[in-house]
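Written out below as structure tokens is the structure these notes cover.
Chains here go by letter, A, B, C, D, E and F, matching the order in which they are written, and residues are numbered from 1 within each.
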Amino acid sequence: MYSLTVCDHIMIAHSFRGEEFGPAQKLHGATFAVEAEFRAEKLDHLQLLVDIGLAKVELRRILDTVDYSNLDDNPAFTGINTTTEYMAFHIHSLLAAACRDGRLGAGGQAVGSLKVLIRESPNAWAAYEGAIA
Amino acid sequence: MYSLTVCDHIMIAHSFRGEEFGPAQKLHGATFAVEAEFRAEKLDHLQLLVDIGLAKVELRRILDTVDYSNLDDNPAFTGINTTTEYMAFHIHSLLAAACRDGRLGAGGQAVGSLKVLIRESPNAWAAYEGAIA
Amino acid sequence: MYSLTVCDHIMIAHSFRGEEFGPAQKLHGATFAVEAEFRAEKLDHLQLLVDIGLAKVELRRILDTVDYSNLDDNPAFTGINTTTEYMAFHIHSLLAAACRDGRLGAGGQAVGSLKVLIRESPNAWAAYEGAIA
Amino acid sequence: MYSLTVCDHIMIAHSFRGEEFGPAQKLHGATFAVEAEFRAEKLDHLQLLVDIGLAKVELRRILDTVDYSNLDDNPAFTGINTTTEYMAFHIHSLLAAACRDGRLGAGGQAVGSLKVLIRESPNAWAAYEGAIA
Amino acid sequence: MYSLTVCDHIMIAHSFRGEEFGPAQKLHGATFAVEAEFRAEKLDHLQLLVDIGLAKVELRRILDTVDYSNLDDNPAFTGINTTTEYMAFHIHSLLAAACRDGRLGAGGQAVGSLKVLIRESPNAWAAYEGAIA
Amino acid sequence: MYSLTVCDHIMIAHSFRGEEFGPAQKLHGATFAVEAEFRAEKLDHLQLLVDIGLAKVELRRILDTVDYSNLDDNPAFTGINTTTEYMAFHIHSLLAAACRDGRLGAGGQAVGSLKVLIRESPNAWAAYEGAIA
């Protein structure tokens, strides 16, 4: 099994609903350092898993939909706590769709599974991994 | 599959028995930077895998049983080399029990598997992963 | 010259005023990983620069005044852009005062200068350094 | 499942063939920071997965075959783009053989699978993982 | 004293002349992770040291003159070993000129000194620092 | 001003005397990740600050005098707490002497000052810097 990972980051504001969140119920924010890991059983004829340039562009395009914003104001997250684990799932969904739709070329369509990991601080991170199809 | 990871560290003394260990047969020590990764198929109704506050408290409580000590003097490790890979297993056992016992709340009981990774130096680390049940 | 550095972090929301900030004029947020470096010419009779336990407690106490909050709502920052470089200066001022006031013990009062560095993302950080007195 | 990881690095020159590579078609180079993760179901009687000393020596011996060289001139890579993902596979093959051949001792022969991860820059890396046998 | 640091990286091929270099006399390569630290006594009226967007653009523009290339073929380095310490000086010269020429705005012209640090591997790096003027 | 930094690490046991140390009065241990930064105003005719190979060998030779040992048993530290800041000073003294004695070649003798930084955990480190002469 091969994998290729590219990184980028976003800077967002949000708040959480639920007593479990303690002080994080107040409006606060986070730098989310995002790692997108593409996995495939084979490389193509150029020894590439996916085109790393396309991968970075697509990840950036997806992150731009939430970067520099208050997630509390985003209709996509109505009634949802935008926890790090949930945001990993959200970005995974969009990036998996980009693979399926051919935005990462033939290599992206050959990707079997995808893992999105988000570092929220030096000592906490969350991830979502799952099949592309 | 979702995952959530929290980190902490301990500073311990120990020595190893067996010629294979060379100079590490002498009493020496290590900073063990510990990463505990909780894995589950689903998030709860608040979009949480486990309560990160509880996870940090339980990991700290477990690490306190060995932090700032000489592992050679600990009856739990009689006749056992406290290698990094073994200590990952040891902490895994205690943290898995904490999940089963409800110390990490309902989220902890829904955790499917757990991975404990310990970094012993900038260029060596070990881990143990396994089911909670 | 000796130095001792301790780290912690905060998660804040804020926005900036000024066209130069582009998309960062919108409400967004950041994880600020804070490094506080204490400098002194000598160690004390116990070979300590400052008591690392006290240093961590004081840094945490200061960070608690802004952690999990929207800096735009904080009267301390009225008319001020809470840039990373400015926040380094702000935390420096509070931590220098804690040293002068004896909150870090005799070691803290012997500190000659202090540097506060804040990492806002994997590829950008800012700092402020200056004398304690 | 236990794992043990050791790290080292190489500094190589190379170029890529294929329009997809853009400016990387020109002769350039990279520092490849290599992480070799050995996995096994059990530890031996000394609580070791593999002898970490042997593991470092074998990884170094393998890396020496390509370190400080121009990969374009290496007959092993004729007609092959030495992408990061391919080089992870290449090093995996050699290190898996070293395990099978007993170069890492009995521990190495008990290794079930191996993952080789190569960091090519602060924000991109690739890996290959597979069974030893 | 305030400072602001931005990062980027390049991937280059080169070789060294001189027996002291041992195997590095052969054509090889490196990923140079570059950190540019701008220093100033004051922030501007917006609480900025330099416009971080401009700083990243100028650093990138300068790095593009050597990225994805064989430094041995670059007339700028005839008769010069492109060691990490020398490349830090080279990039420092170009970035200092960019500050003086106003490419980083008024903030850049108020920069007092600049440090360029290049990480060549996980355990070696070099830097050059000096006044802008 | 140029600088060149090389890294290595040691794994030691020790204990501290003084109530201020709390639980660290018990025998425990640490991984000390050591960074040695050499500073000089000029590079030599090969564009080198110091021979990086010699620097690594000398740092290793010095670290070997304390690696894999219990510092409490070392006569060099009788009556001294081997705090991270003190150990930075200790290693600085030995490495500065190595420079003066010509063990790092002519480059080492041209070094003006030296900084030794020791990371004891992911969130605490200490350093000593001073002139070579």
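The working rule: a residue touches a chain if its C-beta (ideal position, glycine included) is under 8 Å from a C-beta of that chain, and two chains touch if they have at least 3 such contacts.
These numbers come from a predicted model, not from an experiment.
Asker: Just to be sure I understand the contacts, which chains border both subunit E and subunit C?
Answerer: Of all the chains present, those in contact with both subunit C and subunit E are D, F.
Asker: Work out which chains are contact partners of both subunit B and subunit C.
Answerer: The common neighbours are A, D, E, F.
Asker: Since subunit A and subunit B are copies that touch, is their contact same (over half of the numbers shared) or different (under half)?
Answerer: different
Asker: So what's the Cα centroid distance for subunit A and subunit F, whole Å?
Answerer: Here the centre of subunit F sits 41 Å away from the centre of subunit A.
Asker: Go ahead and note the Å separation of the Cα centroids belonging to subunit A and subunit D.
Answerer: About 27 Å, centre to centre.
Asker: Counting only residues that touch at least two other chains, what does the list for subunit E look like?
Answerer: 7, 122-123
Asker: Taking the top-of-page definition of touch, could you list the pairs of chains it picks out?
Answerer: A-B, A-C, A-D, A-F, B-D, B-E, B-F, C-D, C-E, C-F, D-E, E-F
Asker: Quick one: which bits of subunit B touch subunit A in the complex? Just the residue numbers, please.
Answerer: Per the stated touch rule, the residues are 1-8, 43, 46-49, 51-53.
Asker: Residues of subunit C touching subunit D in their complex?
Answerer: 122-123
Asker: Provide the residue numbers of subunit C that touch subunit E in the complex, in ascending order.
Answerer: 16-18, 20-22, 80-86, 88-89, 122-130
Asker: For the complex, give me every residue of subunit E touching subunit D.
Answerer: Interface residues on subunit E, with respect to subunit D: 7, 9, 11-14, 23-24, 26-31, 33, 67-70, 120-122.
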